[in-house]
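Next, two complexes with chain A in common: one pairs it with chain B, the other with chain C.
Up next, the complex of A and B:
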């Protein structure tokens, strides 16, 4: 058995790959459901019904997909340049803190100005916190994987401190949560009687924007070049440090916007349960999309549907909703294997 | 300041330091072995989680304590095996695969725990390892009681530091492992199967990580909590870099880190009225980042770390 490089990859293979990976995840996941003593078919039907079975279910899936599109884009942009930003979770909370800081009464402007301001503030906050690992990497050669991961814990503790201290809402009956975002800052819902809000439109626009930037601009070209071959890029005259900085601005900013979208759209206020790991799931989203910004939309919706469906399923059938995390983790690993098959092929024999 | 100095001389502080350091010693040695063979294992956080869960569950279901440790180690090995299949044999991104392993192992831990343990407000408990005194050695003033009145797992961690050092530096297999991380082509020229060596190192390393996790549920505490690893795995990755991939330094690094952690916990109690406790809790993470900043410039990463090896490759 040998591994040979493919000259060109058939397009159908790239398109089918994510679906195949999720399929593999469902097959392996079936064993976990059997372990719980339930029928996988019944469980998966309940999962599909819970995520796509009604208009409400679909809007729930889409509203769960919203933060995942942002964090998925954040991971996709960074990973393209081989900058391993695993800190989207922390950057998300930074965005949420920025939105809370200026959105709970500090300024009050008409919604068409207020909402973009919140997003910009969140993006800036996400960028700024990611600048720490970036500068440590570019100037001191500190590995960004560990710094971005560790900062997640620092930021969560910081949010915790604010919520138990100065930001604690006295109206919240003792719950550690911040004051509500003022009316002009709240993202309006776009489907009646649902929680689906304006955030998803922003997320879609950002996907298209990131695609255009990566595809048509010099920045995008440099980001992709640095990811492919650092030495060649340096030779060509691309500054690695500048590209990494650029990536960080995009990646941290996008993750920060996820926080704004959750605070001002879904929850209405900042809590410690704002994100059940959207930052980490974003990595799976990006990998399933094979780091393509438009693909991120589709894979985010897919994974969100799994989470929403699993929640619904765990209410009717006695299976812990952690099954969703298992399915997502297996999809991530199997798409990784699959992606290799698009670049190489396995030749049997000599 | 005097108060701090006096505290440094108490046995209870140093006993706490050793208790905090033990899981870090196991997991740091585990990561060190993986990286020495050229494989970054970001699965560490998840493998520690599932080790903590598996070992605890074994005892909760009626098994004995050492059986639980063996079970945790085997479960850790299985995840190490999956990781090496992906990154050693298929040559996939070690970063992404590692994160995937962490997500998978921790979600399986939580799934299994929720499935098997009926919901209750107080998590069910086991009878953990009890401490026992090593004769003679435990009568050394201050440090004797701290170092040698601990659970058997802690003694195992001391022994493992010595074994790891001995194997890596004094035995042929150690040279082979280190070469797999520095210059795998030279390994192959000797007719050694690099892929097998790397897989073995990752599996052994992962077993140690899992035991590190199991120490938390079976010795430091007596129950499994969600999110109980709380970034310890990532801290160990920083410790490996801080220790410049040397077992002895890894041990000292873990102790030093644990000292700050123990002081931090005590400072929380003293300073609670003035400074929010979260500020103190952040310190371990800052400290890890600081430790990496100190050594980053001259850090001598194993040269073949992160680089997949394919049989027949020439550089």
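Up next, the complex of A and C:
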């Protein structure tokens, strides 16, 4: 068995490989379900029913996918330029704080103005906090993996402080949560009797916007160039620092918007349980999508469906919903192996 | 008696046949030259000899004994020593430590430095390889490092020595010195295989020459019956034409460097008080051993670094901003040293790489990429410069070195530049590509461009240049009219031994 470089990659392969990889993931996952003492077929049926089996299930999956599209995009854009932003979780909370700051009564404008303002404020907050690691990287060569990751904890503790102190809502019967977003700031639901809100539309628009920027603009060209080869980019006259800054602004902004979408759309108020690690899952979303902004939509919905479905599955049959994490992890691994097959092919025999 | 025998060696990588039924032998006390272009299969053959690859077919015998394929240790034990083109020394250790590295069992508590020291001195006396065993390798010159590599092989009792492009990094005088040592060694009964593509050297040093082309042995001659022309033709497979030199009346100055200094970064040489004036319609060749400040000078002229002091005038105007975009816009064509890492982005498509420098230099620097225009431009240049590829949408990483260089030339020369900074433009290319690249530079000169040609190949410099400057230790001597200096003088200046009394010419 040998591995050979492909001269070119057939298009059908790029389309089929992710599906194949996910199929492999489910087959491997079946062994874990067997180990847990259940029939994989029953479990998977419950999973599919719980994530796609009814209008409610579908809207639940989509509303879970909404923040993942934002954080997935945040990771995809940054990783394209090899800027390793692991801090989407913290940037998400910064966006949520910004939305809470201006959305709980500081200003009150009609919804068509108020909602865009919240998103803009959240995006700015996400950008600003990411500026710290960016400046440390461009000026002092500090590794952004460390700084963005550690900032997450700083931000979470800061949110905690706000919620236990100045921002604590006296009407919340002692729970550490902030005041509700005012009615004009709340994102309207787009399917009746569901939690699916305007945020998903914004998320989809952002995906298309990022795709267009990367593909059709000089900015996108430079981001891709820097991601592939910094030395040649410098030779071409592209400023690495400028590109990193630009990418960071996009990335932080998108992650901040995820926070706005959750606070003003799903939850209605800021708490410490706003995000069960959407920022980190966003990395998996981006990797599954092979950093393609449109692919992010699909992989976010896929991962959200697995999580939502696994919750339903654990309610109906006696399997812990941690199986979702296993499935996601195996999918990720098999997609990465699959991605290798788009560049290389395996030849059997001599 | 045959010391080393290759029999019917075949090796292919996918559809590429690197070695096609190669049989050759090396006798005792013989210097055999292996001549061939890049990709002719020399390196593959040596990798098979050293057990890095296993051949698909055929076998190797050393002193009549079959060599275990795929084992580096077996090759070393059989007495084969190799001096690589890129040295494999630990910079932070001394000469002695480098030489005994790997020869002593791990279980020994004290290394036997004393014996090693004695053996080393014997060797160096016997073959005239002068070296201080206690010097740190980092402090040695390139020539000395190579000496260490040779001693390292001899220390391990090598009786067959393989030298891969040994003179690529040496000055002519250092090469002479090396040849003397090699001749001493064959007198003592060693056998030497000398791999090179420099015809002059091969004619000087070897007893017998074997020519490889496209993985096959295409010729074998005794050196006394060979000529430069016949070897070149055998190596390339057809008559080689190099661009003819033509002196033109030089025009206005395009680049003037006055007292330019550059502080060294990590691992580079600083530049000291550089004076250099390059005119329209002339090629200045900059000779020098690698690592003497060429990289720093090139990075200033390419807009990648700004001088720490001094004045850089471009087309008569003093520069105060140094960036690639500004230079390209003003009419500077830049040919980078490392064409595949710096010159193109392999992961991008060919049309995108044509766009590289251009994007920011257009007067209307738009927000959107005009793909249609870019692709048609790429198609035009692919034809004009005969870039062998599957079209503008092919991935650039699939191009050969020669075609990547054509891409870079097409990109930078099609805008009729007034100044060209070409950093080792022909290095590592095959003969066809070399003559193409050189012809393009000569054409650009006759269209009015001034050229600074940085090269380690003195033949190239003497063939193309109107004037020749030499860089050593971050200082420049010259330039001198190319018919007023000879290779020997240039070589001495390259090693810093000769200080020119000539005044800087204008």
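The working rule: the second predicted complex is superposed on the first by the 344 of 350 C-alpha atoms of A that agree within 3 Å, B and C clash if a C-alpha of one lies under 4 Å from a C-alpha of the other, contacts with A are read in each partner's own complex, and residues count from 1 in each chain.
What we mean here is this: a residue touches a chain if its C-beta (ideal position, glycine included) is under 8 Å from a C-beta of that chain, and two chains touch if they have at least 3 such contacts.
Computed from a prediction, not measured in an experiment: that's the story for all the values here.
Novice: Aligned on chain A, chain B and chain C: do they clash or fit?
Specialist: fit
Novice: I'd like to know which partner A:41 touches here: chain B for first, chain C for second, both or neither.
Specialist: Neither chain B nor chain C is touched by A:41.
Novice: Mind computing the angle chain B to chain A to chain C from the CA centres, in steps of 10 degrees?
Specialist: Vertex chain A, arms to chain B and chain C: 70 degrees.
Novice: Check the residue A:86 against both partner chains and state whether it touches chain B (first), chain C (second), both, or neither.
Specialist: A:86 sits against chain B, while chain C stays out of touch.
Novice: Let me test your reading of the model: by the given contact rule, A:109 touches which partner, first (chain B), second (chain C), both or neither?
Specialist: Neither partner.
Novice: For A:224, is the partner it touches chain B (first), chain C (second), both, or none of the two (neither)?
Specialist: Second partner only.
Novice: Who wins on chain A residues touched, chain B or chain C?
Specialist: B
Novice: Scan A:294 for contacts with chain B and chain C and give back first, second, both or neither.
Specialist: neither
Novice: Contacts for A:337 in the overlay, against chain B (first) and chain C (second): which applies, first, second, both or neither?
Specialist: Touch partner of A:337: chain B, not chain C.
Novice: For A:284, decide between first (touching chain B), second (touching chain C), both and neither.
Specialist: So A:284 only meets chain B here.
Novice: Does the superposition put A:234 against chain B (first), chain C (second), both, or neither?
Specialist: second
Novice: Minimum Cα separation, chain B versus chain C, post-superposition (Å)?
Specialist: For chain B and chain C in the superposition, the minimum C-alpha gap reads 6 Å.
Novice: Across the two complexes, what residues of chain A are contacted by chain B and by chain C?
Specialist: none
Novice: Inside the complex, what are the residues of chain B that reach chain A?
Specialist: Residues of chain B touching chain A: 42, 82, 86, 90-93, 95-97, 99-101, 103-104, 106-108, 110-111, 114-115, 230-231, 234-235, 237-238, 241, 276, 278-279, 281-282, 285-286, 288-289, 292-293, 296-297, 299, 310.
Novice: Chain B touches which residues of chain A in the complex?
Specialist: So the residues of chain A touching chain B come out as 3, 32, 35-36, 79, 84, 86, 136, 140-143, 145-147, 149-154, 157-158, 160-161, 164-165, 280, 283-284, 287, 319-320, 322-323, 325-326, 328-330, 332-333, 336-337, 339-340.
Novice: Along chain A, where are the residues that touch chain C in the complex?
Specialist: Touch list, chain A to chain C: 4, 7-8, 216-222, 224-225, 228-229, 231-238, 350.
Novice: Quick check: in the complex, which residue numbers of chain C touch chain A?
Specialist: 14, 56, 302-304, 323-325, 328, 334, 336, 338, 341-348, 352, 355-357, 359-361, 365-369, 371, 390, 394-395, 398
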